[in-house]
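Quick heads-up: structures coming right below.
You will see two complexes here that share chain A, one where it goes with chain B and one where it goes with chain C.
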Partner chain A sequence: MNRNKRDAVIIILICNAILISLLEMVVPVPIPVPGVKLGLANIITILAIAFLDLKDTLIIVILRCIIVALLSKGITVLPFSLAGGILSALIMWLVYTKLPHLFSIKGISVIGAVAHNTAQVTMASLILREAVMLYYLPMLLIFAVVTGLITGTISQLTVQEINKRGIFP
Partner chain B sequence: MLEYSTGLKEKSVKIDAGIKAVLALLLAVTSSFCISHLDLVYFFIFLLLITILLKSNLRFVYKNLISYTIIIVFPYFVGLLLSLLVSRLFSGAAYFNTVNLDTAILKMVKIFFIWYIGNLYLSTTPIESIIDMLNKVFSPLNSAGIPAAKYLNMIVFILSELTGLMSRFKNDNLEQARHIFTDNHLGIKSKSKELSNILVTFIANSLQRTDEIYERVELSKNKGCQYILTISKNEIIAIVISVICILFFYGRILFK
Partner chain C sequence: MNIPMFKTGDKILIVSILIIAVFFIGWRSFGVGRDQQLTAVITQNGKLLKQINLNNLQAAESIDINQPLHQVILAEKGRIRFSESDCPNKICVKTGWLTKAGDRAVCIPSKVVISVVGQNQKMDTVSY
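Entry: the complex of A and B
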């Protein structure tokens, strides 16, 4: 696939990630807590890790965060979403490429969700310069395991199905 | 969440995106000049005044307060409560004893002001103008080999794509998912399987459009940068108001 075609795939996947996150309106979160989201857009990050390279995955994550910030008029959420998105993509990519025999897609998704929440709380704590926020992290990590398992299950089924149908160019 | 074309933007007072960005940055820096509670009250009144002048609405203020509470205030106070709990359970508490609540609240309010200014800028400036302005600002990066223009072009393309895709996705996929998750006969595993089927079909169909998207991206590349700095009555008024505000807060520090 040449670079321009790859850019077209990146554009499609970013659109998909933003649209898929709309499904969070109908998919219930098991435990409703302020700030806890399912993170269905993570499915697209996992697909990018499975079918594209690290650079393209990071482009997808960064552009998606910028576009969501522009659309939701919440530019100030950008440092949080970028920190969470980039760290989780990097860690998931490392685990997927270096330790594939140890972790399934579900496991990778859980690791990604944990990394995402850790990065976001650390960013909030750095901005406020208050380490006390880190006490909230263990609670969030419990939810991250649950949401990571849900998105991981859907991602695993999606990756299997895409492989079976030979969809990816 | 997704509102690429809103009525708010059409109602908003038109100010050059570049000048507005510089003024927003200066105001964000000015918020750090607030050193007393009274300063915070003055600054908040000033922000409300700007909100009204820019023809934004009070719903925007509530929306920002709620999102800030969820992202910053709630985790902070839960963290504080948990640290208190830990300090009671184990001797030698790590952080609670060192927390100065008054300073922390002052900091939180200042950060809220920066948060609010950023969101006010974005909600009252058309995205196209912001992208054009950024294209101009980042143009030196292109000659340095960093393809900033290419990524900005991708953002513009995605934004226009989403406008069309949104209603189709809501009518088809979102309705299908809603149907699955309201069906009480299905277990969580079946629901996940059904949802992944929806996603696979959706992703497969979208990837079939790779060639079409590729051709359209190629066509949109020739648009080029269209940003031209404009200074009219609105820009002059905005600059004068901002300078008065900055001088007022700077003066309060100087003569304290």
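Entry: the complex of A and C
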């Protein structure tokens, strides 16, 4: 992939990630546990990991977090989304490149969702200076498996389709 | 549209996460007894703001917090909640009533935490 095409792909993915994140906030989640969401932007992170390198993936994740925070809930949520986004991207990249024989994209997505929740809860505990938030973790882990499977399945189908059409040589 | 099967690692991963999570939730609710003295502990920034014995409460009591944003905490006999908050997501208000030992409501923007502790349970929140 030449440089111009790569830049264009990065920009398209960032824009899509922002749009998906914002749309997701409009859709209510029928689950009475605070902090649970589908995490559809995870799909974009997985596409970036599958077709670009680590640096481009991190650029996409960081820019998406900053812009979404500015456009929606304000700068206070930025440490949370950055911690979750960066940690899950790093771990998913590691698993995708080092252990592809063990995990499919669905498994990688679940790992990403779990890493995301763990990072956010740890961040909340650090900010509150109390381990209180770790109390939510088991509940969040169960939802991470469910949401990870949903976004993972979508990602896997998307990656297959992109490969089939030969969009990225 | 064919959805590919799970690989071995996927299955092991999903099952083990679910087992761990269910184990911790079960362990936590198992350790909580009934009919005990309930005390609500309100902290901000890790520092104690107020401690209320929920069993002895006769009339409803409301606690106003004005720093860094306006919040109202409402305590009644046996239960306590955030009733108003100026924070953006209102997750603390949506958490609703806290009625048993181990229940917690947290407001991240104001760093206020309400935790309900039982008599035979020390404030060892760290163990979670």
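Just so we're on the same page, the second predicted complex is superposed on the first by the 152 of 169 C-alpha atoms of A that agree within 3 Å, B and C clash if a C-alpha of one lies under 4 Å from a C-alpha of the other, contacts with A are read in each partner's own complex, and residues count from 1 in each chain.
By our rule, contacts are C-beta pairs under 8 Å (C-beta built on N, C-alpha and C of every residue); 3 or more make two chains touch, one makes a residue touch a chain.
Note that the structure is a prediction, hence the values are computed from the model and not measured.
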Joint occupancy of chain A by chain B and chain C, clash or fit: clash
Where does A:H116 make contact in the superposed view: on chain B (first), on chain C (second), on both, or on neither? neither
State whether chain B or chain C is in contact with more residues of chain A in the superposed arrangement. B
Just chain B (first), just chain C (second), both, or neither: which does A:K73 touch? both
Which of the two partners, first being chain B and second being chain C, lies in contact with A:Y135: first, second, both, or neither? both
Please indicate which partner A:L157 is in contact with in the superposed arrangement: first for chain B, second for chain C, both, or neither. both
Is A:A124 touching the first partner chain B, the second partner chain C, both, or neither of them? both
Contact-wise, after the overlay, does A:G107 reach chain B, chain C, both or neither (first, second, both, neither)? second
Identify the partner contact of A:I10: answer first if only chain B is touched, second if only chain C is, both if each is, neither if none is. first
Stretch of chain B hitting chain C after superposition, from 92-100, 146-154, 200-208 or 218-226, is 92-100
Touching both chain C and chain B, counted on chain A across the two superposed complexes: 34-35, 73-74, 76, 80, 124, 127-135, 139, 153, 157
Per the contact definition, I'd like the list of chain B residues that touch chain A in the complex. 1-4, 67, 69-72, 74-76, 78-80, 82-83, 86, 94-96, 99, 104, 107-108, 111, 114-115, 118-119, 121-123, 127, 130, 150-151, 154-155, 157-159, 161-162, 165-166, 169-170, 173-174, 177-178, 181, 192-193, 195-197, 199-200, 202-204, 206-207, 209-211, 213-214, 217-218
Within the complex, which stretch of chain C touches chain A? 1, 3-10, 13-14, 17-18, 20-22, 24-25, 28, 43, 45-46, 88-89, 91, 94-95, 102, 104, 106, 108-109, 111, 113, 115, 125-126, 128
Using the touch rule from the top, collect the residues of chain A that touch chain C in their complex. 32, 34-35, 73-74, 76, 80, 99, 101-104, 106-107, 110-111, 114, 124, 127-135, 137-139, 141-142, 144-145, 149, 153, 156-157, 160
In the complex formed with chain B, which residues of chain A make contact? 4-5, 7-12, 14-16, 18-20, 22-23, 25-28, 34-35, 43, 47, 59, 63, 66-77, 80, 121, 124, 127-136, 139-140, 150, 153-154, 157-158, 161-162, 165, 167-169
